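There are two complexes below, and they share subunit A, which is joined by subunit B in the first and by subunit C in the second.
Then we have the complex of A and B:
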């Protein structure tokens, strides 16, 4: 009895499943077809160049010379013995260690000040954002003038209060710090905008609750509410700042060309010189891979930490 | 544990040109539960925030017992507040949320630091805070939630954590800003009685803001009705309902809404509607115009030639199980009326049926057109007339 009932239904399901399967297959196919232009572009524009760089880094390829010999990890081994690369790596890390925390802290400070200000908020926001929107290469000439040892405004103002000026961009003691100052100036506005977005997401009532719960001072409320709730934003801003700082190039190229005495030699500038001045593409590619690895590690850290912290709301 | 009296005197608040509060005076006895009720925008939440110290009033003073609160910042007022959104700290667990008022008051800035703060805090203090949090959590039956973060809790559970955070120290005043309005209907009714029980047990003077008159009437010792920035009446729930001092109070309190009839008053003080004398006021107002207000349950269906009977048409009959609302329209000027009848009585009527309605003069409230309540006089017109007959069906 039960078999006679079950058999027609199972044949029915089998009869239905064949067209259903066919439909699923055709749906998958049209999905692939629709996605293929984007995938082709992605492969061509992003993945292929990256793979090419990795491949070049394993050869002694020189631009303009025919043929390239596979030399394995020889380029990477040479990097370890290359004082210029090590200086460059060290300078980049120092530059990042100055610029990233400072631009995050100042960006947060600016955002907090603007947030608490009722009047002129749009004005301050725009002013702080201007350096982000302006061309750094063009602004670099202004900085060059400001930091000029004789006619520069910075030294003139220092002279007014009786302090001795310095050759900011021309001395190997100060050049990296001067470039870092320009880097901070450039990125504070961007970080501020990100922090402002994070601040508006904090419910006002939490501050009211904090005041009633005994957080009398603004600092106490910052610690109880703002800082923890901005956590995800801060992490994001920090990673973006690290990536941007590691990528420093324009100011070095336009203002110092790595000098004086290699004191402002940074990774991207060294890669540029190796690749485009000395045409050592293979060697430059090895540096690029190291550079990309640093960026990937930064992003991986962000991904891991954000995943570990659950979202609040 | 004794509550403190709370005294608000002449509280005024303006935002720009708009006056939000127009001189509010409220005196709460120690341990009293006062509900502030009114339509949205009447200023009740602003008043609560002023008492909390979150807004500063333009005029007026706030006293709690023998202490002036007006000049103190919110953190020093020793009040506790439950917010409509609960305002729990999303990054803290329930236990940490509840502990915040204690931690902020008892520990120094160094002791509140993560990791090393633990090491700087005397063990006794930590244990004390821990024990108090646990005790409050058990009172509110949320001890099993203490390790959870707000995102992992239901609305009702968050509401309890917010209550626990308010109760964890013994504040001078409880302030509650529509704490139940984000709960579903069943839970709301249940939590009402719980909050009242908690309030009675702790004996802390409470101001409770709500737009829900049922909450106000059922929970509070006294209800303050606020309309457009004015405190119109502060009275017990019974008197607010039965003896409203202002037409707006009568209109706001009670569902369905109170019936209103425009009436003309003659020299004797008798109020007439469509040639029928319905009530008599002791001192007729100068403009001779009054509004008569009758609660739906006080409006009875009567026989055709009743001396106070008004002719009306049945528009609709709303069956609600425990009662039946008969929607009527006055024949003379189409004034809408509602009569609340027993289900047996009400269901007998059909739309477009012609009926006669009347109310006892004692149940007919007289208001001046400005809204003030007028005193009713002994209705002389009634002497010869029969008592209203209820129509039996």
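Then we have the complex of A and C:
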């Protein structure tokens, strides 16, 4: 590692005089020394655990047994025909496909409404942000009451207008949608704050200029000014929303435990069950690696797109 | 720091000179337990009482684990390390995991040394609860069976007699259906099939069946007993007014007075009493058995297990185990939870619980079925816990009426056979 990093400076040093070369080398050295505590911490706290997970995923390690046998990619092959893992992956993707776009759209809508009106701005900002600041496990219990099939407020209100309620969390037809609704509720406020920050960065003159150029309606100004200039923010919010949706766990664990009959089984919950209940650390690690890969792909897409498309300055 | 240490040593030496009783070495036992919400006060009480009687032992609690599963994780992670607790409490259905990994000390020699273990209140049936094969892995500490909770107001409303509650499943379904017909969101039955295989097992064993054959090579529940159990669940659903509840939803509906009968562990009794308050007339009764003659019930709860390999510590640990699982321990655990006593002396003696039961009739149902208690069967092998989940998933499809009892049973058998260790 140090060799490959040292090589550019050695090609450089060939063209430099001896004292300058010495100075460059000592600068590089002090650079390394100064960076080393942070790098050591990063290696210990981030890289080492991740490498350990990758290593475990190549073994048949079970918690409580002394040894583990190296089995190569066997765990990954098993994942491919594990119906539970595939169900779990499918549910997670569906959940993400519902939650991410909805929470981005509603977050943007809330931000635009709050931005366009000065009265009560702080109040609305706080109200929308409350779900983000609240403890999701505690709030899940409240949702459990709201969505209760007999005594829940949602079904009682539906009954008032003559509609028949559903068994929101108890039926495999509705459970994932109910959880998605909670997920949207939880993340709209966060997205709104990010959009508000993005909106304040748009220069006011652009709106005036657009108006002079004939963009008469609010919709035209949104389409011509706000939306393009919010591009980087929107992409960032979308990626964050996808990552947060893929990471759904608390509501599943507290409300449904993946049920009924796997209808709300999601990736993190499957990993938790596999590792913590079934004690199959090797197999759970393989799932974790797949999970990390999904998150990394999401981040990579964001990085590539931001670099290519969304610079306006 | 050093000064404090020197001071402490000097103080200790002085005290040692003053009283010979304090001169003997203190044995320190590290004790770990799960579910502090249930057990924190109970543990503190028992440990103080024990240390008063045994001044040579001091008990140190390590941080308790929130659930049985977390507790098991901790034991497996710390196995054979310096941090390993000396004593812990393990759920009955996870004793097998501990046994397969050789973690707990077999208590058979300790029991053999006792003059008469049954006279100390540990009957063979109680000892069996914490046995895996011929290994005595622990002593039962908290034990529970499923019982019937019922809403006497609703039962009265449909013409039933709360003093003579249903004692067969046919009657339960009959009254459940009538209660559900009251309308206004009221339901007949909440049967706790979610979470684990315990309640399904209660129906199978209650019909005189068993989960696996004696040699554990073939599935035994897939016969008439399993079929009867699943048909019963389907009837509760179709005729008995049982909706598709999540676990929490069922609990909430019952304590709100919206359900006629609830079938779940007697361990939840104290919480249920507290949550119901005076909203309705709460009663309990033994769980109906499909076969009243041969029927048995699986026992939930936990056992106190010994992990230390140090002979001196083992002696102290054994004393603590007998104390905690003994009459004093049982008399502390029962009133605070609803578990049944795991010691025969505790239930009868007026010093302990003899006066408690007449004054608290709701606790009687669990006590009445103690003769039917058998161990909670745990499936063998690395997939043992996964089998439990497979059974629950099949039950979910049955309860949602997406599978017939016969399909459910076939599916369960196939799942279990696939997940059993191949030999």
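We adopt the following convention: the second predicted complex is superposed on the first by the 288 of 313 C-alpha atoms of A that agree within 3 Å, B and C clash if a C-alpha of one lies under 4 Å from a C-alpha of the other, contacts with A are read in each partner's own complex, and residues count from 1 in each chain.
By definition in this document, a contact is a pair of C-beta atoms (placed from the backbone, for glycine too) under 8 Å apart; a residue touches a chain by one contact, two chains touch by 3 or more.
Because the structure is predicted, anything quoted here is derived from the model rather than measured.
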Three-chain arrangement built on subunit A, subunit B and subunit C clash or fit: fit
Partner chain(s) touched by A:232 [first = subunit B, second = subunit C, both, neither]: neither
Partner chain(s) touched by A:131 [first = subunit B, second = subunit C, both, neither]: neither
Contacts of A:224 with subunit B and subunit C, given as first, second, both or neither: first
Subunit B versus subunit C as contact partner of A:261, first or second or both or neither: second
Which of subunit B and subunit C A:101 touches, first, second, both or neither: neither
Subunit B versus subunit C as contact partner of A:63, first or second or both or neither: second
Partner chain in contact with A:213 - subunit B first, subunit C second, else both or neither: first
After fitting on chain A: smallest Cα gap, subunit B-subunit C, Å: 47
Intersection of subunit A interface sets (partners subunit B, subunit C): none
Subunit C - residues contacting subunit A, complex: 69-70, 73, 76-77, 79, 97, 101, 103, 185-187, 194-195, 243-249, 252-253, 256, 258, 382-383, 385-386, 389, 392-394, 396-397, 399-400, 402
Residues on subunit B engaged by subunit A in the complex (per definition of touch): 49, 52-54, 73-77, 79-81, 83, 85, 87-92, 100-101, 104-105, 109, 112, 149, 151, 165
Subunit A - residues contacting subunit B, complex: 203, 205-206, 208-216, 220, 223-225, 228-229, 231, 310-313
Subunit A to subunit C touching residues, read off their complex: 62-65, 144-145, 148-151, 167, 169-172, 255-257, 259-262, 273, 276-280
